[in-house]
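What follows is a pair of complexes built around chain A, which joins chain B in one and chain C in the other.
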Partner chain A sequence: MLTGEFIAFMALALVAIIGGVLLINLTKVIHMVVALVFTFVSIAGIFVILSAEFIAAVQILIYSGAITIIMLFGIMLTRHDDTSEPITGKWRKLFLLLGVLGFGVAVYIGIYNLDIPQAANTLHVDNTEQIGISLYSHFIIPFELTSVLLLVALIGAIVLAKKDEDDEKEAEKE
Partner chain B sequence: MDLETLLSYEWGTMAPEFIILGVATALSLLDLFMPKKVDRRILGWLGFTGILAAIVALVSLIGHDTTSILFDTFRLDGFAKAFKLILLAGAALVLLLAIDYEPKEGMKEYRGEFFYLFLTALLGAMMMSSSGDLITLFIGLELLSLSSYILAGMRKKNLQSNESAMKYVINGGISTAITLFGMSYVYGLTGTTNLKEMSLILGNIADPQHVYILGLAFFLIFIGLSFKIASAPFHMWAPDVYEGAPTPVTAFLSVVSKTAGFVILLRLLLAIFASVPVQGDGAEPLPLLLRMQDYLAFLAGATMIIGNVIALRQRNVKRLFAYSSIAHAGYILVALTTMSYFMFDAIWFYLLAYLFMNLGAFAILQLITSKTGSEDIGQFAGLYQRAPVLAVGMGIFILSLAGIPGTAGFIGKLNIFMGALIREPAHFVLVGIMIVMTVVSYVYYFGLFTQMFFRPAADDSKLKLSPGITTVVVICAAATVLFGIMPNLALDFFHQNFNGFSDFLQ
Partner chain C sequence: MIEDLLYSSPGWTNVGIFFLLGAALLMVVLGFVTYAILAERKVMGFMQLRHGPNQVGGRWGLLQTVADVLKLLLKEDTIPKLADRPLFILAPIIAFAPAFMVLATIPFTDRFQFADIGVGLLYYIAISGLTTIGIVTGGWASNNKYALLGGMRAAAQMVSYEIPLVMSVVGVILLAGSLNLNEIVEAQRSGWFIILQPIGFIVFLIASVAELNRAPFDLPEAESELVAGFHVEYSGFRWAFFMLAEYVYFFAMASLTTVLFLGGWLPLPFLGFIPGAVWFALKFSLVIFILIWFRVTFPRIRADQLMEFGWKVLLPVALANIFITAIVKQLFFM
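Our next item is the complex of A and B:
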């Protein structure tokens, strides 16, 4: 039972969950980002255990790398010494706790002793190539649609973040 | 897969989507290279023409056989055609409103973006209606959501608009996460994202543990998607977002986005959960979907009660319409809950009627609120003296929303009633709640009515009508009355062309 894989999984899962909990509970934004990095990296580790190396690498590159750096930039460029203050009441916390526990129990009942018949597959062989092939043939329509999605996100970010020309003119006058 | 196989698919069946995508791209490029002085409204008209072209393309495809491209990642079946018609018509009318939209603080700079974000949102909604694969469905959902988040925050200098966009994005993110979590369970149990294969695999499921997980997945997917249709338990974003967003965006959210939400909900629930057999108390196993009827009924009832009762207290017209749209989502959920033979007819017709009556009301709302900048219900006072035609138009829409005979809204509600009563056992409680809540809704609808017809106007200035709003009001009023008196026009069209969606899972 206590195989190396099991121990590795437990360690990674624990780090991922602790990172998530810390992200919510810490008060300084920089600390939150560091907690987030721990979660991202341990999820990448879980992907390695599942022998999905490509996704693990992508997870590190995009999430731990790009997204974290962008968040850091965002924090640096705005009020980075801001701390959040909890304002929720006691009853609300209690209800939330009950809700979370209830959901946890419901899911635990479902996955405890769950038996999914496993079939031998070749998904781990050359998985980067396999992902590439299915992405560019089988799933070409959603793939292309994703590019539209990214375009929308890009335009939206520019529209919402750009300073108006009127503002700039006013700033120059002052 | 080589190029030959790829080209052998009937890409022509995607023509409406290609047109919308092409027009959206063209608009973004034009917006970039056009001189700054040129009025961006021309882009709006181009977009409108594009949507009309897409409607024409879709109508020419109506007789076309069920087509599937690339393992159902795109499929054109009766279901897709019927609902894409509603989505396109709604988006065309919304775009007319957007062309005439003139907020107080002005929006000269981002008018171009305003138009093509509507188009990308429409593209997402269309993909949601014509796909048989979880991945495409999800990407379509996200494309629609992301475009709507940005659209809601388009009035950058308006604090309410900023707040609404922020609330929308956070709520939307949470709901997407919940939906995705539910989908991941279904994928985990079946090992495929194709809805048809899923339904085949799930038909043979016997392990009660698996069924339990599927039940869990059902709730997660339903709750996540209830965000899109603004029904309980994910309805609380609606009033704030509707109030803060620019009026055409509010109209878009309440009609096109809601329709798209129902489309993906129907597709997922019927394709995945209707095929899971559950051994119950009786001898025969029932589909999981039918086992869930009581919970769905509870949520539908709660949605109707919350929407209608809180609407009673609203003074802000946009908030009032937000709660009213929550209530209407509840009515449509009643049709979904009962799962009668007329479920598709009832939902399709109700969404069609809702499209016209709600968009018409929003057109008049936009005209009146943009003139004064206030959204108080008192702005409607004396509308009959100021603009009799508009007041009569608004009267028609309100009567239809309330469900008075002679309007499309009445027929829509009647279809839902019939569907709920024809089932064995009939859903008397649900029908009872629906009738009581309809009566409750009379209070606030007719409050608006008395303001328009019986209160003296605060200022007597004439309202200046713009061509876009006039067109929307005329089309919507005509359609509302027409489908109210001759509903068979729409229903016959539906029955003749879509075969009762018999090709849903073929």
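Our next item is the complex of A and C:
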């Protein structure tokens, strides 16, 4: 049955997969990062189809900033015209093909007759509010611990960066 | 009307209707951009004691921008030989598409809105971040040191100022109790949020100017340092796309400021007989005028001052505003 939802899902899924494949196959760093953008945005689109708008918005919010930073790292930490060389080998290719086919068959057999009973739920109604309530009441301790972990990482990064500067100053004095 | 269309069964008629609606909005936006550029040049001219455009299209230069755009479209399309060709072509599109997508959620009046998304505010902020990727890509693909510097400045600036921007609207979200732009407007019936959230409004206004890359925060395209920043190598209609994206964001950001802090389409007391669309247009024009005024008045700030101001002033102020708003809400509104 051809519904609008199905067409949208197929389009988004295709873009996501093509983005992923290009990410692996392209040779320049920046091209890979741009391919990654398409994958992330279309996954956000799939979240919208599943009526999880909050997750979709957060996915784009987080990853658009993150990808910009990855891009800057890609520009600054790699050589300008560097390309990765393809590693080829006859046997290697054959084994890879077999592996991929085997995985495909295994997943197909596993998924084809899988029956997930559909429980009636109200998750699609006001899901932003539901996420907020469960995050701040049922899962408050893990949530706070995660934020402490992030804070520790942030301070650690600052300490590491600061130390380098002091060392450089001492080195200059000497 | 849009709601009915969204829940009806899909078909080619719906595709056609959506396409026409989108095209109509694009035309409205293009018309706005044409006259926003003219208005900007005129206001800047008057503030600097000159006339501004006054030759093409009568005394007010009404056709000046049209002539400029026609010139741009007729220009030769140059792509530098050593540029990264696919990315060079893709970058203006990545920069422009989110600018137009963002307009879908903004409620212009209580009836005139394209998508009533539950997380409309978050959607706006998330999608607008994608433009940075287009700018950095364009800067890198040009294979030019000025363009690359401009692109990297754009990335640093937009990532830094997105945080105070989001933090400053948290106060509004707390008071309205919703991320939906319609509900935020409805929550302002008793008082606009500019009165309840003055600190949030100021932080939002400053951060929004920075997000728009306009003076005094136009470092990514600082013409006296970087020639033209990230779009040095672009010309003709590709350059026009970057400019278009910038002015569409101008439109969108002014609309968002109106919706969040100035009560959207809601009238002033005793003036309810004037329709909502007129109120929205008036408030929107006021915000546009203030943004142009900023551009004429303030000198550009240095890159290090920009970062320091964002992280050491705006962010703490915005966090303090959230704290105070939460206390005020607990004490007086619960």
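Rule of thumb we're sticking to: the second predicted complex is superposed on the first by the 133 of 174 C-alpha atoms of A that agree within 3 Å, B and C clash if a C-alpha of one lies under 4 Å from a C-alpha of the other, contacts with A are read in each partner's own complex, and residues count from 1 in each chain.
Just so it is clear, a residue touches a chain if its C-beta (ideal position, glycine included) is under 8 Å from a C-beta of that chain, and two chains touch if they have at least 3 such contacts.
Predicted, not measured: the structure shown is a model, and the values here were computed from it.
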Which superposed partner A:Val107 touches (first chain B, second chain C, both, neither): first
Partner chain in contact with A:Asp126 - chain B first, chain C second, else both or neither: second
Partner chain in contact with A:Ile49 - chain B first, chain C second, else both or neither: neither
First, second, both or neither for A:Ala13, with chain B first and chain C second: neither
Partner chain(s) touched by A:Phe139 [first = chain B, second = chain C, both, neither]: first
Chain B versus chain C as contact partner of A:Leu22, first or second or both or neither: neither
Residues on chain A engaged by chain B in the complex (per definition of touch): 106-107, 109-111, 113-116, 137-142, 145-146, 148-149, 151-153, 155-156, 159-160, 164-165
Residues of chain A that touch chain C when the two form their complex: 3-4, 7, 28, 30-31, 34, 37, 41, 53-54, 57-58, 60-61, 64-65, 67-69, 71-72, 75, 126-128
Residue ranges of chain B touching chain A (in the complex, touch as defined): 1, 6, 21, 24, 28, 69-71, 73-74, 109-110, 113, 117, 120, 123-124, 127, 131, 133, 135-136, 139-140, 142-143, 146-147, 149-150, 153-154, 156-157, 165, 188-189, 207, 209-210, 212-213, 216
In the complex with chain A, residue positions of chain C that touch it: 9-10, 14, 84, 86-87, 90, 94, 117-119, 122-123, 125-127, 129-130, 132-133, 136-137, 140-141, 148, 152, 155, 158-159, 162, 179
